[in-house]
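In the part that follows, the structures are each spelled out as structure tokens.
Each of the two complexes below includes subunit A, the first together with subunit B, the second together with subunit C.
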Partner chain A sequence: MGTGLFVGAFIALSVAAVLLLGLLSVRRLRLLRTERELARAADRLRGVAAALVMDGERPPALSTEDAELLARVLWDFSRQITGSGREEIAEYFEEVGLVDRQLAILASGAAWRRAQAAFVLGDACSARAIPALVEHLRDPDTAVRSAATRSLGRLRATEAAGGIVDAMADRRIPLALACGILIEIGAGGVPEITALLVHTDPRSRSTGVQLLGLLGSAADADRLRPLLTDPDGSVRAQACLALSRLAAGDIGETLRARLSDADPLVRAAAAEALGELQDEDALDDLLHMAAVDVFDPARAAASASARIDPEALLAAATGLDAGQHIAEAATRVWAARQ
Partner chain B sequence: MTRVLVVDDDPGIVALVSYKLGRSGFEVDSVGDGQAAVDFVATQTPDLMMLDIMMPGLSGLEVLERLRASETTAKLPVIMLTAMAQESDVERGFELGADDYIIKPFSPRELLGRVNAVLARSAR
Partner chain C sequence: MILALSILIPIVIIMYLVINAVYLAGALLASRELRDVGRALKRSVEREAFVSPLTPGVSILVPCRNEEVAIRDTVHSLLALRYPRFEILVLDGGSTDRTRERLIEEFALVPAWRAMRDTVPTGPVGPFYVSTRYPNLWLVCKPDAGKAEGLNVGINTALYPYVATVDGDALLEEGALLGIVQPLLADPDEVIGSGGMVRAVNGSVVEHGRVVEVRFPKQIVAAIQIEEYLRTLLLMRTSLSGLNALMIISGAFGLFRRDLIEEAGGYFTKTAADDVEIVMHLQRLAREQGRRTRIVFMPEPVCWTEVPDSLKTLLVQRRRWHRGIAEAIWRHRRVLFRPRYGRLGFIALPYLLLELLGPPIELLAWAVVILSVLAGVLSPTSLFFLGVSFMLNLVLALAALSMAEVDYRRHAAGGETVRMLGYVVLGIVGYRQLLSGACMVGLVDFLRGKRPYTQPTRRARD
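Presenting the complex of A and B:
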């Protein structure tokens, strides 16, 4: 009887397994067929979407499924183009009511729906969504705040830079995301970014310095100079690098003074900055630093020397007291010439 | 009619570029990967190629290298399509002989302007 029960259970389980595999296979085939149909429909609708984006041609009447698919194609297009095509996309989504629907969800939906709405609004290209997205930089949900930030970048919302900077300083949005979006917004956000330079938190000051170095111009160098004597070493180091990016004409002497900073990372950053600027007046100091300083500044000084005057570096490498960093940099110079 | 080959694995980019150039009087062909581009120019010669850099299989830079190594395509005008983060690829592309580049996301009007400018330069 025991054996009979075992055999019966075995047969039942085997049948169940076969049925389950069969069901999964059928489901997989249906999904593949749906994917192929969707891909064909998307191919067909790309032409319709391209005509809308390029020539403002409105699509013919579409089924609900095709209208949803067209929306997805347009969202994809909105990420690929700049200029008047994005205005056409915005106009279309306003006409079909998508922007209003997503704004309504953003105001009152569950957190995951608010996040989704915030995301979609960025690809819908409508500037009308900007105030609501800025408001949601204070949303209680992290995903909503991140989606709102991302969409403000997609919309190149210069007027949102202040809100993003505040949210970043308060740690309401991830630092990397905020920096990326501020870079995407571009030079228009610079006035807001300068507010970070006087923040009480050195991490915020450091971030502000980095961003100004990436987005600012030579005219912003005067805002950064005071940060070279900031109490925090990371801020001073970032100020050296940012000033070299801005390439302000008279910054060499100020940076050379940082070669004797108490913080080795500041000395390394100053060396890197002087190399970037190809400051010949710094060469002797850099070669000395490369021979005697601790690892990071010595290495940076050797690399900077190679940039400024490779022949001088090669000559220094023949000295008995050249040190490993000069030797290493000289080897790279020599190898690049082969 | 001037013939342009668009080489990009993103069907959205292909649709946008093809539409813009088609409506501007160009005859447009498109392929979705580097090997298909190499195979295409082995039998037909377009007047200009729009070439994406990042593609599966043969990259745009590898395609460009092969084009410049062949007598029949050594002087084929090529405009690279590149994402913003790939500026080092732009430098490499120019070293290999590309004529111009367009960074994605792109302005369709600018794209047309650059196509016309490259064709005008190559005609001289």
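Presenting the complex of A and C:
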């Protein structure tokens, strides 16, 4: 029986090895052919793509393979350009039916196909895809939701900001991706982001504050001030940073008060914010904090001191009780001057 | 003796075949996983991650000792990384060559002060240097420190919430850090670490830390490892990652949450496999605290590293690695087959145990077959065993090559694949058995409590 088993296994494995060798050879040959074709067609098709994007010149009749290659070149282009060139790309893809085909695939049963279609629609530049992409922010598959989010960013879909904010708050899409996309969409998404400031989940409030600090204007500062006393430390910390970015009026005193917050995260953020504002009135407090506080706030306070008054920091570093953070910050100042 | 052999032959052969069957099953799982990863890579959101303010900063820890040949290229490759916020901490564990001088000259380093936490005990540290040209590049010296101690110094010094570990002779591709951070960005609550693909740089053309042309090394020993790395990393780590049972993130290129390493008490300094031990420790802690976690292997961000180019250094390296795996398993032995630890106790650690016991069993199988020939009791079964054993290894190697060929290829088109096939055969006959011997010695070292220190030797790059 043992021998029979081994004979069977040997034959099965030999067949598998032959099949794998065949697969390897076929893949290798196909890859070689594709690479050669790509190299041959790339220059020509790049020229065709450039003519379309810059002059609106429609491509000549192309073989199916060349049309596919041109689509890839245009997707690459669309990631690098803004303005009328994207409209030309959108018109071309509408004309050749790519947008309709991809929209149809969005209804596919296979999640990877839906994800791929959602991704391609972002590069196809057609605003007609926006409603379908927004709908797929609720797709059961994470990859599809992420691809739809990314494409809505590529399409600068201001009208999708609400959907993205909701999906982010419900943790349906990755936070970092959502934030990157909302930044890509820009100030048009600020009203929806503002809604996050009163969200029950501290993480959502914190993200909302952070985004408002990046995309808002000085006029939004009044919305942020109350969050300096939010029950959650990460929200208070982000509020300090956001207010310093918006450079809103006389915020220095309010931020200085946060240097004595119970949460080290908030103290560190307040120190960083005061450094950003170059608030000279905070210098003594910051130098003191750099010498006596726990690691992260002390390090932030020392860095902020260096930004506000490097000479004062260098002088403080000569003191016996300066501590390791002031010494490090002084080193950084000194090294930058070499 | 003949009676003993007749009993031993089927037992050893069956054990050997079971081990290889597990590898085969791993290959099948990996093929599905790699297909999915390949599709996901085509929908990369790295560009969006690059501009997102929520992409976390990363402190890159580069433990090194006597790396004067490679360290400048390593640091150049790190400085060229495309990533929004990072710092590089080169952690010199008491080099006796010109590693420190090379760094000081090349990157204009000057003496500096650097604040450190005392979260992980490390003893005295210093001196520190900072680059006047690249403010995010630091050299931290800790005399007579092993790799794990160096990493602990890095943990205490790190500025950012994530730490990446990179070997002192490794080269990262420009987008490697942004690539390896993707699983953590996609699921920051669950994913606590990730590791990238490691490939042999020997023979390739390197300019200022960039691999500009991928070539095969002249030394056969190094060339065989190219296929070996593909097989072990691309097949086995991918499949284990898919099963959420990954226990090894290569020290050459891994990324972890700093706070969790601090919670684990830092890297364990009394093992030759600190990279294996830390993954086990993090996974174990998570299960004990009732947290769902994942540690992910990514086949695409590539880290290029110098592999041993002589048989002697290779065997010494494998002996050390195997001892390290034994030490790590022993330290976390209570996890084995305990329901509380779920997959960790029933898949991940048993698999590692299989890896540990595989080489001795393989050697034993070969020894039994040879003894049978000498004793004149070699049955057709044993002969077919030899055939099956060869074919199993061939199938695994071919599977790895086939999978690598499509989405994860780095070698140039042309005769490279044919050449690789030649190395596959060489790897199966002779090479693999030699490595098993070295692993066996490593296991004996562990059992005898021996911990010989070995310094990898480096050859200047072509």
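The rule is simple: the second predicted complex is superposed on the first by the 304 of 338 C-alpha atoms of A that agree within 3 Å, B and C clash if a C-alpha of one lies under 4 Å from a C-alpha of the other, contacts with A are read in each partner's own complex, and residues count from 1 in each chain.
To be clear about the criterion, contacts are C-beta pairs under 8 Å (C-beta built on N, C-alpha and C of every residue); 3 or more make two chains touch, one makes a residue touch a chain.
Just so you know, these numbers come straight off a predicted model, no measurement behind them.
Asker: Please tell me which partner, subunit B or subunit C, touches more residues of subunit A.
Answerer: The partner making contact with more of subunit A's residues is C.
Asker: Looking at the overlay, does A:G47 come into contact with subunit B only (first), subunit C only (second), both, or neither?
Answerer: first
Asker: Please indicate which partner A:L32 is in contact with in the superposed arrangement: first for subunit B, second for subunit C, both, or neither.
Answerer: In the superposition, A:L32 touches subunit C alone.
Asker: According to the stated criteria, A:R150 is in contact with first (subunit B), second (subunit C), both, or neither; which is it?
Answerer: A:R150 sits against subunit C, while subunit B stays out of touch.
Asker: Go through the superposed model and pick first if A:F119 touches only subunit B, second if only subunit C, both, or neither.
Answerer: So A:F119 only meets subunit C here.
Asker: Answer with first, second, both or neither: which of subunit B and subunit C does A:R79 touch in the superposed model?
Answerer: both
Asker: After lining up the shared chain so the two structures overlap, which partner does A:V96 touch, if you call subunit B first and subunit C second: first, second, both or neither?
Answerer: In the superposition, A:V96 touches no partner, neither subunit B nor subunit C.
Asker: Report for A:A67: first if it touches subunit B alone, second if subunit C alone, otherwise both or neither.
Answerer: A:A67: touches no partner chain.
Asker: Touch test for A:D55: subunit B only (first), subunit C only (second), both, or neither?
Answerer: The answer is first: A:D55 touches subunit B but not subunit C.
Asker: Determine where on subunit A the residues touched by subunit B overlap those touched by subunit C, and list them.
Answerer: 79
Asker: Can you name the residues of subunit A that touch subunit B in the complex?
Answerer: Residues 42-43, 46-47, 49-51, 53-55, 73, 76-77, 79-85.
Asker: Could you pull out which subunit B residues touch subunit A in their complex?
Answerer: Residue list for subunit B touching subunit A: 10-13, 15-16, 18-20, 23, 104-110.
Asker: Could you please specify the touching residues of subunit C with respect to subunit A in the complex?
Answerer: Going by the criterion above, the answer is residues 10, 17, 36, 39-40, 42-43, 45, 47-49, 51-55, 108, 110, 112-117, 130-132, 135, 159, 185-188, 379-381, 384-385, 387-388, 391-392, 394-395, 398-399, 401-402, 405-406, 409, 413, 417.
Asker: Note which residues of subunit A are touching subunit C in the complex, please.
Answerer: Against subunit C, subunit A makes touches at 2-3, 6-7, 9-10, 13-14, 16-17, 20-21, 23-24, 27-28, 31-32, 35, 79, 112, 115-116, 119, 142-143, 146-147, 150, 153, 174-177, 179-181, 183-184, 207, 210, 214, 295, 298-299, 302, 324-325, 327-328, 330-332, 335-336, 338.
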